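Each of the two complexes below includes subunit A, the first together with subunit B, the second together with subunit C.
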Partner chain A sequence: MPRARGSGIIVALLAAASAPLVLMYVFLVIETVGEAPPGQLLPDGFTLENWRFLWEDLPGKANIWAVTLNTFIFASATTVIVLAVSSTAGYALSRINLPFRAYFLAGVLVLHAFPTVTLIIAIFLVLQMIGLYNTLTGVILVKASLELPLGIWIMKGFYDTVPWEIEMAGVQDGASRFTVWRRLILPQVTPGILALGVFSFLAGWSEFILPQVLAPDNKVQVLSVYLAGLIADDYDLNFALFKSIGLFYVIPVVILYLFFQDKLMNIYGGGTKG
Partner chain B sequence: MTPGKWLGVLFLMPATLFVVVFFLSPVLLTAVFAFTSMSTATGVGEGGYLITPSTLHRLAERGMDRSTAESLGATTYLVNPETLSRARAAGVAAATLDELGQRHAGKSFDGRRGFERALKSLNNRPRSVRALKQAARHFETSVLNRTFGQREDLLAALAASGVRLSDEDRERLVDASYTGWTWTTDNLRRMFGTADTAQVLANTLIYVFVTLILFNTGFALVLAITTFYLPTTEAAVFRGIWFLPRITPPVLYVLLWKWFAWDTGFLSTVLGWFGVASRNWMLDTAFNAWVFVVLINGFVGASMGMIIFSSAIRAIPEPLFWASEVDGASRWQQVRRIILPQLRWPILFVTSYQTLSLLTSFEYILLATDGGPGSTTEVWSLAAYHTALNNYAGNLQYGYGAALALVLVIIGVVLSLLYLRIFNFDALVARPRIET
Partner chain C sequence: MRILIENFTKRFGADTVIDAMNLEVADGEMLALLGPSGCGKSTTLFAVCGLHVVDDGRILFGDEDVTGWSPQRRNVGVVFQSYALYPHMNVFDNVAFPLQVKREPGPAIRRRVSEITAMLEIEHLLERLPAHLSGGQQQRVALARALIRRPGVLLLDEPLANLDARLRLDMRSEIRRLQRETGITAILVTHDQVEAMSMCDRIAIMDRGHVHQIASPADMYRNPVSTFVAGFLGNPPIAFLSGRVRGGRFWLDGSTAGIDLPGGCEALEDGREIRLGVRPEHVRPADSGPLSGKVSFVETHGRENLYDVTLNGGQVLRSIQPVRGDIAPGQTVHCRLDTDKLLVFDREGTRL
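Let's look at the complex of A and B:
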């Protein structure tokens, strides 16, 4: 490939454009443990002062560990629902000749492209009416439901790649379709389940608008709402403290991303974020 | 049906249930709520009936006889089993109450004086003036400031208080005192009729198209093409950097931008070394706020195009590049004649997909400028959020907010259906090969 000539200029231009991002992420780490006097960027001392939120509650705020537990419950419950429901529905849509199958598929696709955030007002009112407002259950059910079209579509894609011969062999040996799915097909789509699982967990962990609107209460607060509330409340922004909480919040994301990078790329490629 | 089909139905059931309850029904309900007057004041459930002094004022304005309206607000004293047991529970002497019950059961007294006189004339009258006044209080009855769950309860209380109303007045009262939401088309009229809407619409168009052109397609193309020509390591580093915003939780990502732009943050500190006074670069002028809104959204949005365009470029057969190289084509000619024509469909896909998601997303703007300064960066979806779910005034107008959201929901449905047709997905819907 003709890729050597003049790449110095390109690198320089790209580096200039990327500089704000690099600075932000570098200082995200530096500032959490560094002591820098006002008007100076680089720290001249080491401190754990900004991490005190781990062992003492901030005034008027929920306990960080309770909030972290809520976030974990929210993200994992959403993931479990999305996986269970998508791996069954995806199979049905990929392999079983159902009446109205084409309509179901078209429906899944339209909903997949549909911008779910526009529904937040109606969902808020529905949860108020059925009494699930300000509960983790409510926001879990909503998040999982909104994620389902994507999940079903991805799982259907993975089922589509499994050779029909496996299934036919199973059926000819007299196994029921359920047994064939459970014993033969499901093991074939483990990479899909893994990718979708990690993606759903990260989506749940990062979600802000849904819990902010549907479960803002201190008792059911998740980390995104906790951090956003802290930033919004404070007149004198303590960026070092906020960044420490932010870094604490993003650690699981970084770990999962490092391990599952390749698998996630496929899903993010068709992702839904602006 | 065959067992296989039953399994399919069973497998689809949970998905259908979830999607219908929490996805499809909100789509339809947005349309329903858009035609109601729901707000914090009316609540979302069924309302009650409450007569307040302002209700009486309103009634008089609507043509009810003023003295009739005032009589509704008057306090009467009733002697009946209910008031007697209320007084008993509050500790008024049993003998007094028994005698009162025997002599005045079912009677009503128009004023406090009349009732106190009746109490005084009892053989077992309260011992002191204070006790007497306190005892009298338990017999006060008024329809004012009491919430009635049902229309019948209101009418019953009205009858008990002794106020006589004509049928017409009664209907007026029932209407005026209802606290719940009602059906209305005011929301739509208001939406199409106010100058605010035009401003918000203009903001939305600026936000969507500027971000889209500069970043989500424009800069995404630049990233994809430049990293294609770079050595693998450099390319991976830049793609990695530009992918960071997408995996960073929005709250943290916007926090980093705030640190970058705030008056105690990066820009102010660095410019301070050159004598520029520190200020909030994000919020000090409307123009700056727009710059940051576009940058914040654009830096996230660029990565989707980057991934899709990169893989599309990699799919171009390499001999095409070799051949053009031999023919002496410059880089620019390669981009212009080979890469861009191949990217026509990916560009259309990314552009249409991102138009919809930019149009409806407000998360980053909410966290960054919250529509400010003033409401210069208030876009349509954020206006719906502010109207219905969070504002400083505190009276959340669910109905009007739903009407604003309805516009986006309709655009969402139409565009998603359109995209489904354009990006021909029929090929993906192949029929299954086992018919059992």
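Let's look at the complex of A and C:
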């Protein structure tokens, strides 16, 4: 079977090429639970010492579970806001004859192109003035609004592929414009909603700079800020601990990818397949 | 329900697409809006169902002025060219949707759906998604959805355009049967004259936003008001000959052949330029005569043959004849025309 051997060779080559990457991941896991004397590569003992942050608070740091919950609230709330606003705003921009529609679309695109960092000082001042500095609500609102331009554009693209006739038929069948949107049009864009939801959740989960600047306090800390706090202290560096928490931080992301990877592909192939 | 369109005007920006159109569809009648693409027939349809805002004029259902009514309030059933079935719902939900929106009770909806799907012979497809239906089945589902609310008016926008030829024949009679059975007033928009003639009680033929003629199919075929109408109806199409009147007869341009004019046209003044419309079935071969030419093209239709005859002087006449083997391209033939069936138009195309 020359064909099977041919593909076997290709697989072997690919395996060799990706081996360093795989090895690094394996070592990441091993080092969090292994005891190795300095200078030695392979561990000679097993320890959960580096995972102790799960059951006891590290000195001067917040409780890991509270921080995880904060991160989860932060990412989910951002996602909910982004989905709610994008799915309605995208529809309006795609279908309803609004005044200044073209300018609005162009404006949204400009906002998307704007780098977040340039805005951060202004946002900091605004939050401080309205009393939302160092609160989850404040940083959620900021993150959601920065994610919105992309979300609105993606959803508008999905709505654009839904045939007008479906909408006309719905109106003709006696349904209000809102019912048409909810029962006829929204189901056609579910691939977009799902993909956008996963994207915003991951963006929220991995966001660092906004919480770091706008909500650094222990009570409202998220995982990325907690992690950064660990290596801020130059005198007491513990790489194994840092790796363990990093691993803990990335687990939800991996799980999300495992469940949704086929749905994520859909973001390029939306629309009705009727 | 009677539909009355009065002085209907539609503009898109600065373009007046339809200018002061008048049309009446009688209760229980099926009327075809026939015309080339871009003539405003779909625009008229969308105005009747309420998707287009009327710029001027009125639309009445029965004696009720519905001009300002929303599409939801008008109770009009529409079948779109693409059928516009809801892709994520199965056949049952598609058909039931108009009643679900009205919040009718579940058992009543189920009863009505089984009634209407039985009438359209799709009751075995209720669980299927539109993607798993053939074109003809999708068409039937679209019809069922349009009819389930017992609308006063049924509008069909090119309903057969997406079907293959054989299915088109079936659906033609099927739609007509349904319309008769329900006694619903219907408007059919089409660019296909065969559909319009075979399905409808009357035809309104449109061109560039104007209705040229409204008449029954047979009447319109026999008595077209203009060359546009005469040319649009009939397959194979009518042939036009141009020439002048002299001594009460028609003299073909570029030829010495004289043709008798039908009754009522002898009084036309000498030297007037006119066009003569000759349908293919009114051209017969003759042994001799002044009208002669070369057979330039033969097309086999099975039972009949279509012959193009290029007359002396270059104008072309079409003739349809029972299949015969004795005429070949290139041969010279003589023709005789059925004088009283000839259609006489002036130079601008208006019937005389």
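To be clear about the criterion, the second predicted complex is superposed on the first by the 233 of 274 C-alpha atoms of A that agree within 3 Å, B and C clash if a C-alpha of one lies under 4 Å from a C-alpha of the other, contacts with A are read in each partner's own complex, and residues count from 1 in each chain.
The working rule: a residue touches a chain if its C-beta (ideal position, glycine included) is under 8 Å from a C-beta of that chain, and two chains touch if they have at least 3 such contacts.
This structure is a prediction, so every number in the text was calculated from the model and none was measured.
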Query = Is A:Val171 touching the first partner subunit B, the second partner subunit C, both, or neither of them?
reply = both
Ask   = So, does A:Leu184 touch the first partner subunit B, the second partner subunit C, both, or neither?
value = second
Task = Figure out whether A:Val117 sits in contact with subunit B (first) or subunit C (second), or with both, or with neither.
result = first
Ask   = Is A:Pro211 contacted by the first partner subunit B, the second partner subunit C, both or neither?
value = neither
Ask   = Which partner does A:Val85 reach: the first (subunit B), the second (subunit C), both, or neither?
value = first
Which of subunit B and subunit C A:Gly192 touches, first, second, both or neither = neither
Footprint overlap on subunit A, where subunit B in one structure and subunit C in the other make contact = 168, 171, 176, 272-274
Key: Touch list for subunit A against partner subunit C, complex   = 163, 165-166, 168-176, 179, 183-184, 187-188, 272-274
Query = Which of the residues in subunit C end up touching subunit A in this complex?
reply = 49-51, 71-72, 75-78, 80-82, 84-88, 97-98, 101-102, 130-131, 145, 149
Request  = Under the touch definition given earlier, write down the residues of subunit B that touch subunit A in their complex.
outcome  = 3-5, 7-9, 11-12, 14-16, 18-19, 21-23, 25-27, 29-30, 33, 38, 44-45, 219, 223, 226-227, 229-231, 234, 238, 241-252, 255-260, 262, 264-266, 269-270, 272, 295, 297, 299-301, 303-304, 307-308, 311, 318, 321-322, 325, 331, 353-354, 356-364, 366-367, 381, 384-385, 388-390, 398, 401-402, 405, 408-409, 412-413, 415-417, 419-420, 425, 428-429, 431-436
Remark   = In their shared complex, subunit B is touched by residues of subunit A numbered 1-7, 10-11, 13-14, 17-18, 20-25, 27-28, 31, 38-41, 81, 84-86, 88-89, 91-99, 101-102, 104-106, 109-111, 113-126, 128-129, 141-142, 144-146, 148-149, 152, 160, 164, 167-168, 171, 176-178, 181, 202, 205-206, 208-209, 213, 224, 227-228, 231, 237, 239, 242-243, 246, 249-250, 253, 257, 265, 268-269, 271-274
